[in-house]
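Going by the order they are written in, the chains are A, B, C and D; count residues from 1 in each one.
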Amino acid sequence: MIDDEKFLRGKIPMTKLEIRILTLAKAKLEKNSIIVDIGAGTGSITIEAAKICSNGKIFAIERNFEAVELIKRNFERFSVENAEIIHSEAPDGLKNLPNELDAAIIGGSGGKIEKILDVLGKKLKIGGRIVINAITLQTAAKSIEYFRSRGQNYDACQIQITRLEKIGKYDMSKALNPVWIISAEKI
Amino acid sequence: MIDDEKFLRGKIPMTKLEIRILTLAKAKLEKNSIIVDIGAGTGSITIEAAKICSNGKIFAIERNFEAVELIKRNFERFSVENAEIIHSEAPDGLKNLPNELDAAIIGGSGGKIEKILDVLGKKLKIGGRIVINAITLQTAAKSIEYFRSRGQNYDACQIQITRLEKIGKYDMSKALNPVWIISAEKI
Amino acid sequence: MIDDEKFLRGKIPMTKLEIRILTLAKAKLEKNSIIVDIGAGTGSITIEAAKICSNGKIFAIERNFEAVELIKRNFERFSVENAEIIHSEAPDGLKNLPNELDAAIIGGSGGKIEKILDVLGKKLKIGGRIVINAITLQTAAKSIEYFRSRGQNYDACQIQITRLEKIGKYDMSKALNPVWIISAEKI
Amino acid sequence: MIDDEKFLRGKIPMTKLEIRILTLAKAKLEKNSIIVDIGAGTGSITIEAAKICSNGKIFAIERNFEAVELIKRNFERFSVENAEIIHSEAPDGLKNLPNELDAAIIGGSGGKIEKILDVLGKKLKIGGRIVINAITLQTAAKSIEYFRSRGQNYDACQIQITRLEKIGKYDMSKALNPVWIISAEKI
C-alpha cells in the first residue's frame, strides 16, 4: 500500500489508493501470478502488483509516450524488477504476452474494451481474473453487456471515495471521482 | 433554476446547482418570505431566493470584500432588486436585520456556527426555517450537536452529486464535493 | 415539498424526497404546465407536480394495478384535482394525451425507454422538457445513447443521498440508492 | 477475500467486503502481526485478518452474546485457529491483552471511543496502527477530535460502495451505507 503522493505523476491520471487496493484485491493476485496491467498510466497498479507477485511478473501496457517515461521512473523509484513495459495500444500489445495469464487489470481501454476482452478470453488461463476500472458510463455499460451477452458471470460495484482534507481546524469532504469496478473469472 | 456557469464566480466557492435547489426547497420559501443568506459567496443562493420571494426580501451577509463585489455584479446580471448585501461577518451582521425572519440559509459560518444559531434563535419567527450547508465534518457535527443539546428536532442528509461530463463519445463521472444539508424549524 | 412518510406506499417503490425535488426542478414546471408522469408508482411525483402546476394538468401513467389503486388513495389524501390516472403501459398510454405537452417525467420505463422517447418526441412542444430518473445502468446508458445518436443535447448527473438517521445519541449514515437524472429539451 | 454471503450472519451487522478489504489494508497487517478487532460482530474482519497474519494472532472483542456465538461458528466454518474471542466490552476487554500490539481495528465502540483510544495508546507498540470504521457522524467526529487534540496525525476518508445488482436484464444501483475509515499510527 503506497500513498498516492509517493508516485511521480506528471499530468497522467492515476488510480487512487483506495481504488488500487480494491482492484488488486478483486484480481486475487498470488506470489507467482503473471498478470497484465492495461492502460498502466503512472504504473501505480503495476508497481503494487509487482510487490504482491514477487515471484511472478507484471506486463504494463501503455500507449502514451509520456506515461511510459513516467512508469520507467516510478519503477526505478520503487526498485521494481519483475515488471515489463510494453509501449503499445491494447489489444495489439497483448499479442506477444505469454498465454495462461493469471489476471488482467484494465485501467484504460482507449475505446476498445470489447476487442480487449476478446483477446483476453484467449490469453487468460481458466479461472483467470479480469478486473476493469471504468470511469465512463459507456465503458461500464459495454463491459457488463459483454459479459451478459456471453452468459458469463461478473461482479460490479461503484466506489465513491471522499477524502477528509485538513484545512486548519476543519476536515473538509473532498470527493474523488467514482469508479466502477467490474470483475469476472474466465470459465 | 440558474445554471452554474451563468454566475460570475472569480475564485469564490459557489454552491452548485443541485445543492442550491435542495437547500432552497428545504427553506420552504414563499412569495413574501424575508430571509437571510449567511456566507453568501457569489450570491447564487441569494439570487435564486430573490426570484422565489418576489414580494419578499433577501439579506446577503458576506465578510469577504472580493465576494461582496462579485455579488453586486451578479445582482446586476440577474436584475435582482429585492436583495441587500451586508458586508460583515456573522453573527455581527445579523444584528440590524428585522426580527421575525422567515428563514436563514447558512452557506458559510466562519467557525462561529453556534453563535450564529444563538442569534438566529432570536431573529427567526416561530416556524421559521434554518438550513445549513456544511462541507466540513466539524460544522456538520456541531450543528447537529447544537440542535440535539436543545432537544430541538432537525433533519440531516448528505448529498453527493456526480455530474456526467461529455468527453468525446464518453460520459465521465465527475464528483462534486458532498455537502451535508441540516435543517430545523424554530419552535 | 411533502415528506416521504406522508404518502401511502404499500410495496410500491417511491421516488424519495430529494430526488423528487431535483426531478421537478429539472422539469422547469410552471403554473400552467401540462405534463405526463410515466411510471407514476405511488403518485408522489404527480402529486407534487400537481401542486406546482395548479392551473395545469398532470397525466399519471402506471401499468401496475396495485400502484394505480395507491395513486388514487394518495390523490384523495392530498386533495389532488388536476391530475388523471391512465392505467396503461408506456408508450401505449401516451397515445391519447394532448399534443404540445410541456414536460414528461419518466420514473419507470418498463424496458421501453427508446420507444417512449420516440413518442415523446412527437407529444412534447418545442422547448418541452424530458426528465428521466434511472436506477439501472442500462436505462441510464440507453437514454444517453438515445440523445447522443440524435445529436441532441442533454444533462446528466447521478445523485446519492445519505440520510442521517437518529439512533439514540447518534446519527447514522443511511444511504438511499443513487439515481441518475437525465434531462433534455425538445428542439 | 471472502464473499459476504459465505459468513454466517444472523441479525448481526457485518462489515461488507469492500470495507473489509480497505480496513485491513489500512491496518498494514503482516504475517506475524498480533492485533485486536474491537466490536468483532460476525467475526468477518477477524477471520480475514487471521488468514493474513498466519503466524500472528487476532483477539476478537465482542460484548454481544449472540454475536460471540456467531463468531465461534464462523471460526469453525473457516478453520480459524489463530484467533481468540474475548466476550467483553471495550475498553475493559483490552486489559489482559499482550502489550506491543501491532494493530487495532475498531468496528464498534459502544459509545466509548475515547476511552478505547486511551487504552490502545498504551497497548499498541510504537508504529502500531489504529483503524476505525465509523458509521455515525459522532464517532467519526470524536475520533478525529481525539487525534487532533493530541497533535497526532491521522488519515480519514468516507467510502460509499454501490453494488450493481442483477435484476433480469438490468443492473440496479444498490447503495451500501457509507463508512468513514479513520486511521492513525502510534508515535
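Note that contacts are C-beta pairs under 8 Å (C-beta built on N, C-alpha and C of every residue); 3 or more make two chains touch, one makes a residue touch a chain.
Note that this is a predicted model, so its numbers are computed, not measured.
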Taking each chain's centre as the mean of its CA atoms, the one lying farthest from the centre of chain A is chain B
For the copies chain A and chain B, the interface residues, called same if over half of the numbers are used by both and different if under half, are same
Distance between the CA centroids of chain A and chain D (whole Å) is 27
Taking each chain's centre as the mean of its CA atoms, chain A sits from chain B at a distance in Å of 41
Dist(centroid_CA(chain A), centroid_CA(chain C)) in Å evaluates to 38
Residue ranges of chain D touching at least 2 other chains are 137-138, 144, 158, 160, 162, 164, 169, 171, 173, 178
Listed in rising order, chain A residues that touch chain B in their complex are 111, 135-139, 160, 162, 164, 167, 169-179
Residue positions on chain C within touch of chain A in the complex are 137-138, 140-141, 144, 158, 160, 178
Within their complex, chain B touches chain C through residues 1, 18, 21-22, 25-26, 28, 144, 148, 156-164, 169, 171, 173, 180
